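The following blocks contain the structures, represented as structure tokens.
In what comes next, chain A is part of two complexes: it sits with chain B in the first one and with chain C in the second one.
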Partner chain A sequence: MASRGTAQRPNGTQGKICQFKLVLLGESAVGKSSLVLRFVKGQFHEYQESTIGAAFLTQTVCLEETTVKFEIWDTAGQERYHSLAPMYYRGAQAAIVVYDITNQDTFTRATTWVKELQRQASPSIVIALAGNKADLGNKRVVEYEEAQAYAEENGLLFMETSAKTAMNVNDIFLAIAKKLPKNEQTGNAGTSGQGRRLVESEGQKPTSGNCCK
Partner chain B sequence: MNEEELLKRSAAERDRIFSCYDRGREGAEIDPWEDPAYEVYHTTDRYGFIHDKRLPQKMDQNEIKTQFVEMERLKKWHKMTKNWETVATTEKLRRRIYKGIPDRFRGQVWVLLLGIHKLKSENIGKYEEMLRLARQWSTEIRQIDADVARQYRDHINYRERYSLKQRSMFYVLAAYSMYNMEVGYCQGMSVLAGLLLLYMDEEEAFWGLSVLLTDKKYSMHGFYVDGFPKLNRYMEHHDKIMQRFLPKLKKRLDKCGCDSILYALKWFFVVFQERTPVSLGLRIWDIFLLDGDRVLPAIAYTIMKLHKRQLLTMDSLDEFCNYLQIKLEKDFGYDDDHVISAVERSMEELKRAKLEYPGPPLPHELPKQPIGTFKEPTFTSKVGRRADEFSEAQQVMRESLIQRRQTALIEDEGSEEHEDSATPTELSAASNRRMLGANNCVGVNSHGGSKFLFEAGDGGSSLSPQGSRRSLADTSVTSTADLSVFSSATRSQPLDNSLDTQSNASVASSSGSAGLQTPRAGSHQPSPDVVRIYVPYGGGPGYKDGLPRTLPRSLDTNKIRIKVQDPDQTPVVENLKPFALDSPEYELDIK
Partner chain C sequence: MEEEYDAIVLGTGLKECILSGMLSVSGKKILHIDRNKYYGGESASITPLEELFSKFNVTMPANQYGKGREWNVDLIPKFLMANGLLVKLLIHTGVTRYLEFKSVEGSYVYKSGKISKVPIDQQEALTSDLMGIFEKRRFKNFLVWVQNMQEDDPKSWDNFDPFNNSMSLLYSKFSLDKNTQDFTGHALALHRNDDYISQSAIITIRRIKLYSDSLARYGKSPYLYPMYGLGELPQGFARLSAIYGGTYMLDKPVDEIIMEDGKVTGVRSGQEIAKCKQVFCDPTYVPNLVKKVGKVIRCICLLDHPIPNTNAALSTQIIIPQKQVNRKSDIYVSVVSHTHQVAAKGWFIAMVSTTVETDNPELEIKHGLDLLGPISQKFVYISDYLEPIDNGSESQIFISSSYDATTHFETTCLDVLSIFKKATGEEFDFNKVKHELGDEDIQ
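After this line comes the complex of A and B, so read on.
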């Protein structure tokens, strides 16, 4: 297993703790659940059960100054479940749009997800594109360069990943964590479990009405 | 690629997948990992499920009891299945099924309960015909293949790729995708087919699946068809039960953003499979097949009730999800008999409260065409292209989710004012005057939900993001989920939103680049002004045939004006449009 950048800060009270809501989107069977499982538990199941509805998991990563807690929404890929997706990406600070490098249609589908996020999600959402199943290089149909060019054009983070070999799995989450803005005030984490950019300490009174100016 | 090439490619893919299943394990290309190596004999339980660890040498209490009792019962069951149609059987059946069908008889009894013999003999050749059609026309093959490859891989019958039962599962689902073309295939159905196939043969499972979907006793069609209309109805009902009998727990779940869709969708779609231990899951299926979908609310309620104490110690979505999604399947904490008796008691309890059944299916939950009607798939579905817009049914689903979430939050915040939950025909306008003025944030929360709706129509949107963000009128329109206009101007917790309609989009964009850096104003302030208005929406233009919960499609149908007396705090309300209610306009004066 590759090294995991997910060590818990030895004493959890130090440093900033930021909480981010992250959603995984993409065609069915591209490996969304597998990526999450790899990132959260360090495991890979060949027979990962298909996601019906959605699943929720959390994982914490440590950056130099801050601890980032990801609240991860793993969604069902089938078109019929699409109508539920906005409820998961709404309010998300980050999204990983996944495709399977051995299937061109999944890449096309990924680009429509990106479009939808650009139109419908928070304008500041950090989007990463993951070309998964990179271990199946011999069956590749989506070229790295093609995806990279697309990602660049659209300002996305991009990596090819493999949930199976763990390649780039932690890295893509870390890259997202780094890109997320963390310069808000910090407080205690993990009390409410709700997706938001930052956990404010309880009872903290906002001082000015500068939210929507 | 031109159209012809696209069609060719899709057809080729379908043929390729079919040929894999046709060949089975002989000569099939199977990646080595597709056959997980198991220490099979030591790790397979009595139902055929394989476990990671060796099973304990000794059986646990629950197992010893089950086996002993089953031995006792075999004779009775033998007699009963021989005399199925007799009155004596009918009377005993119910009691005995609630005690659990001995696994050895399960297949036989399930087939009887589902009335499969009759269907099969009335439809000779139908299954083969559907399978033939599927080879030529089915547009669902790729998805079915992907799910068959993942379904019950921990069961000895499905362990090997392209094993006999895995092939059957594929064929059953492929054939069914032609038999019921309105549903086709929807994720979740592989669970139904997979489970039935553990207890019956391929053609029986096909007819079993068909009964589960379209017989009115089970009506799962309404769960799986576009827009999931039955899910809505069942979740609303579940929420009502929670509100009535477990209000504290419901409040806690709501507060943590644990909308019931997060756990109940899976529960209902696959009738508690993969969320309860195998033996309990089978017992649940026994009573489900006997009594039909009316047991679902009682089971959901029972699970919450039995685990109330543990659940009440939790205060994050994380914990709730982990408990309901993973922990309960591993270890339910109660033996199966105890749970089933508790379900029976719950059914009584719900009956007394007149909450035992969410009512009959709505028209759009049922098939529109006679089952078995073949219609050539459209080009788009043939090549697997996605629709650009949500269908009407999907929009209804989406909007009602948003509304449910908002209701939950409003309940939470205004629980002093309101004891009961807002019914779909009520309009609640919760507004926080201080926030309206201080932030100009009006409508931010709901607007997130609205955006898609109106932009989806491409060009149909008359809203500029700037205008709409500040428009209460929009807010109320856009959160109109079904029968109600549900306006929530502000939440007392703008940051709170894992599931709700609050959009960071609006928040962030309105504060410019500083969006994320800005601490939210008024984030934990209570909301002093809560206004609830009845809006009789019936018969309005929002109605479409057979879809009673249709949304108004454009802003032109609705209008609300809210005035805040303090001039400094008057929100700018734009985009007022005619209001299609009896009264042409509502004015709320919030003081």
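After this line comes the complex of A and C, so read on.
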């Protein structure tokens, strides 16, 4: 099970750490930020404001052999008028496409986001479909079977989630972590370009070398 | 769109995106619009390659250039000084997290018909053919003086007041000859012409310090270049603005800037009107409020080989000082390649540019083109250099200047910082962003 807040192995040793860039996609107000907030901080706010000020979060998931560190990019609202920059997709190794099970339009839009990913992102990207707000089952309009069939056809991971109750939130990130290839070439968040990140008081060494050592 | 904003920003070129980011960070409610369906305006990187060919109405030969999507071709060539203003802005705003860079491998300068590497350390300086043995000693003394000179400590000035004496006098103090002056003023201080010689020495001293501090950061050269091209920079700052609440609309025509009593009140797109107190824009959105002050010629060249005599460098800059070729302004050659994910494997993009001085601008860049070896494809374009005629104090419309012919982003950043100050009445406070936007790493 994914353990929050530490990259320490259960037996006390530090495993191989692989870093991956994960992007969130989906219509406004389907709960993208809430899912991340639940996953990263274990919190939920009923009246979460539109995304402000937190668009770059990291969280680790421990697997048998490796520790997967997600570098999570939120849309920062740029999806609202279809103004996401190519930079957003660049080097993304995983994506969660979110819809709201109580809103059919958001599911339709989710399928176009999947197409957008297939067009813009790396061909090897791992995509998960999340039917969020599963706690609102009495208002459901998108059937579980419909979404599951779509996911299967397109080779996507699929779960219904609830950021409110935490249902399947850790599990969907864990499923992605398991599916991601963990070799030298891939485990390097967003850094397919192999350049260096700039930091203050920079030393001589690049700060983003291969993470899988 | 039909809401009220503190400011509306028009155009997503680098300057407008930095401004948008700074304004959002400062708590302003921002609407940021571009008439194009892509980010970057003039400072975009064109992709795929097919797009570049069609922009210049040239038929692209099939199967010659690899995959078109592997290309990201800048329209305006520039490098970042590793210790310059743009790097400071990137680090302080956290935008650097979205980007990766590579050091430019070498910097060259043109002298008497051939190019020489700008030395980066004692070893290279000793073997350099740029100057004779005695001149090297004098030049070394000059550099040591510049390094030790502290602006706020007159004792370190060694009886030369850098504020009240010209650069010409400083050159005389160290008896540097004309060739060394050329090299110093153009390849190190990166002046575009010789106006600096009669100006206060401190201007040039600061620039030489910037060069050497930048060089000290990564070693190979003072220049950095972002992976996937310069077009990543505006996208990064746009994201910063969005994170702080900025609203983005691409592919949105701008039909009218609405004025009342000489002051801006909003922007109209079709039937929609967004209200605002201020507008920030590039010159193309307000043709009536700008004047043409010059022209810049730029030539994009696709090459299947590195530049001859650069030790097969995958990226480089060559400066042709004006005097060497009897001009008033320098010619710049910048080269990037597949290693920056801006070209298909094995390909290089060279850009030759200068400020236009004659009626035959293409001939003016010939000295640069001649250095490149065989050129597979050439795209030449000439753009007007526009400046605002209105300083915005009444109208509250703040207009940036076009991108100049300099090879780096220092003037770009100075323009942005000065616009920010004009519009808000205060200097940008870097501390506003630095601590709030922590990495939020939960480890």
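The rule is simple: the second predicted complex is superposed on the first by the 161 of 213 C-alpha atoms of A that agree within 3 Å, B and C clash if a C-alpha of one lies under 4 Å from a C-alpha of the other, contacts with A are read in each partner's own complex, and residues count from 1 in each chain.
In the analysis below, a residue touches a chain if its C-beta (ideal position, glycine included) is under 8 Å from a C-beta of that chain, and two chains touch if they have at least 3 such contacts.
As the structure is a prediction and not an experimental result, all values here were calculated from the model.
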| item | value |
| --- | --- |
| Which of chain B and chain C A:121 touches, first, second, both or neither | first |
| Contacts of A:181 with chain B and chain C, given as first, second, both or neither | first |
| Partner chain(s) touched by A:82 [first = chain B, second = chain C, both, neither] | both |
| Touching partner for A:58 - first (chain B), second (chain C), both, neither | both |
| Chain B versus chain C as contact partner of A:43, first or second or both or neither | neither |
| More chain A residues in contact - chain B or chain C | B |
| Which superposed partner A:93 touches (first chain B, second chain C, both, neither) | first |
| Footprint overlap on chain A, comparing chain B with chain C | 50-58, 76, 78, 80-83, 86-88, 90, 191-198, 200, 204, 208 |
| Residue ranges of chain A touching chain B (in the complex, touch as defined) | 21, 28-29, 46-58, 71, 76, 78-84, 86-88, 90-93, 105, 109, 112, 119-125, 164, 181, 183-185, 190-198, 200, 203-213 |
| Residue numbers on chain B that touch chain A, as the complex places them | 33-34, 36, 143, 146-147, 149-151, 153-154, 186-188, 190-191, 224, 226-228, 255-257, 261-262, 265-266, 269-270, 274, 315-321, 325, 384, 386-387, 390, 394-395, 397-398, 401-402, 405, 435, 437-441, 444, 448-449, 451-452, 455, 469, 494-512, 514-524 |
| List of chain C residues in touch with chain A within their complex | 39, 47, 87, 90-91, 94, 96-102, 217-219, 224, 226-228, 232, 235-236, 238-239, 242-245, 247-252, 340-341, 436-437, 439-443 |
| Residues on chain A engaged by chain C in the complex (per definition of touch) | 4-7, 40-41, 50-60, 76-78, 80-83, 85-88, 90, 191-200, 202, 204, 208 |
